[in-house]
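The same chain A turns up in both complexes below, where it pairs with chain B and then with chain C.
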Partner chain A sequence: MIQLTEETRSGWRVVSVSGRADAEAADALEAALRSAVEANGRVAADFATLDYISSAGLRAVLQAARAAQTRGSEFAVCGLSAPVRKVFDMSGLHHVLRIHGELPC
Partner chain B sequence: MLLDGKLSELPRLTAETARFCRRYSLGEEVELQLNLVLEELFANAIRHGGCEGVRDAARVQLEMLPDGVAIEFADRGAPFDATAAPAPKLDAPLETRPIGGLGIHLVRQIVRDLRYQRVDGWNRLTMRRPSREKEGES
Partner chain C sequence: MLEEVVLLAVDETSGGLRSTREFGTAYALVGAVFFDLALARKIDTGTEAIHILDPGPTGSATLDRVLAAMAQRGDLTTVRQWIDEIFHRRDDLEGEALASLIRQGILRHEKSKRLWIIDVERFPMVDNRPQQDVRLRLAEAILSDIIPDTRDIMLVSIAEPCGLLGYVLTGMQLAARRQRIQMLCNLETISRKVADAINALDATLHQGIPRMM
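On to the complex of A and B.
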């Protein structure tokens, strides 16, 4: 189960992602992030309440980051818990994504 | 436990992993990593192994060891040796980074002693998620 909510915070369109970014939820996550990237110049994925991510969730984030790059938008990931952060680190995606500890989340 | 070949089985797999971790007082990081390994293997069997829609397509077994958790994952999919899959290019830039191969890469990061056998029409993988004392895990 994944819950997605959106709001604007200090100039960033923030997509808050709660629950589990697994293979079942990946399409919904990718669609939400991509549509935010299409409509906004600065987008952040707030993972502060994300409990779990697998490669399917990581792929969704990577696709959104690519869409942002194509469009010339800023895209950042923030608020990662320690266990979720570790999955990003293992994937090597932290080398290609902007990951913030706090701001803009 | 046995799983049908559909992603809607994931919540049942998650619940089973959580029960195992509660039984042995394993922390949230162990639980996340066990769940991740099992999801990646199961999702690969469905997407690439031809297990989509197959009843009792996969079998999962967890066992507590003195030095970690023994994981056995078996599926009825096409023969696939996960121990021989090529490693993804992790340092490639965003534009050229390949999308595939990440799941197996994560599995290899987490587990040790990954072994593959093809037995009676099943792909059978055994592995161990080692316990790490520095994190206070049992």
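On to the complex of A and C.
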């Protein structure tokens, strides 16, 4: 189960993601992030309360980042919880995504 | 994914099959099957574990057979265990993908004899556009700095351990983009575990070869 909330802070559209980003939630996650990217020049995905991310969830984040790259928008991932950071580290996503400890705004 | 990689292994001029690293290719084709199951939303993976999401049929006999095997073996829970399990079953994944490509009218099958006794099989292209498409997608994924489509990330990470990228790009291009290829190969759990399996097998084989004095 995933919970998605959005707010705007200092020019950044922040999409906060809680719960589990697995195959069941991947479509909703990708749709929310893509929609934020399409409507905003700067988008941050806040994963501070995300408990788990599977390969399907990671693909959703990567494809949202791809959409941002194609549009020339800024896309950042922030506040990774320990289990999610482990997955990001193993996948080497820091080579592909802007990852911040805190929100950039 | 499985069919795309096998199609890439067909020499477009002779119709011969390029198998450069036999065990590596066999492991990578198992990885391609798991990618196909993931794309069909039948499985999902964590950093180690593999989960069945839906055991229902996919329409592909190969995928359905692997999915049915997974549903029956609850004792095997990790990606690595399943890669080894399917590898050791020695299913003819390459042959099944070739048969499907022939049915789709992309390849045709020719049999002949060399020196009157050795059977030679060739798979000349009937329609070379699908292979061209695979080659273009691979080249773009590797040479550009844009994050590739999910399918193209998977394709790079399977074509690399099969030793097939050398048929798409020059040695100089591959050398210049080695870091990007490694980065793409590392993104997915399935391809990381395929690489682990190949490395473990290589280590075992090297231990079995006596050191020359």
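One rule holds in what follows: the second predicted complex is superposed on the first by the 104 of 105 C-alpha atoms of A that agree within 3 Å, B and C clash if a C-alpha of one lies under 4 Å from a C-alpha of the other, contacts with A are read in each partner's own complex, and residues count from 1 in each chain.
By our rule, a residue touches a chain if its C-beta (ideal position, glycine included) is under 8 Å from a C-beta of that chain, and two chains touch if they have at least 3 such contacts.
Not measured: the values here are computed from a predicted model.
Applying the stated contact rule after C-alpha superposition, one finds that A:Arg71 touches neither chain B nor chain C. Legend: residue contacts after superposition of the two complexes on their common chain; A:His100 is shown touching neither chain B nor chain C. Note: residues 22-24, 52, 54-56, 58-59, 62-63, 65-66, 69, 86-87, 90-92, 95-96 of chain A belong to the chain B contact set and to the chain C contact set alike, using the contact criterion stated above.
On the chain C side of its complex with chain A, the touching residues are 38, 41, 44-47, 51, 53, 146-150, 153, 183, 186-190, 192.
Note for the complex: chain A touches chain C at residues 22-24, 52, 54-56, 58-59, 62-63, 65-66, 69-70, 86-87, 90-93, 95-96. Those residues of chain B that touch chain A in the shared complex are 7-8, 10-11, 14, 28-29, 32-33, 35-36, 39-40, 43, 88, 90-91, 93-95, 97, 99, 102-103, 105-106, 109-110. On the side of chain A, the complex with chain B involves touching residues 1, 20, 22-24, 51-52, 54-56, 58-59, 62-63, 65-66, 69, 82-84, 86-87, 90-92, 95-97.
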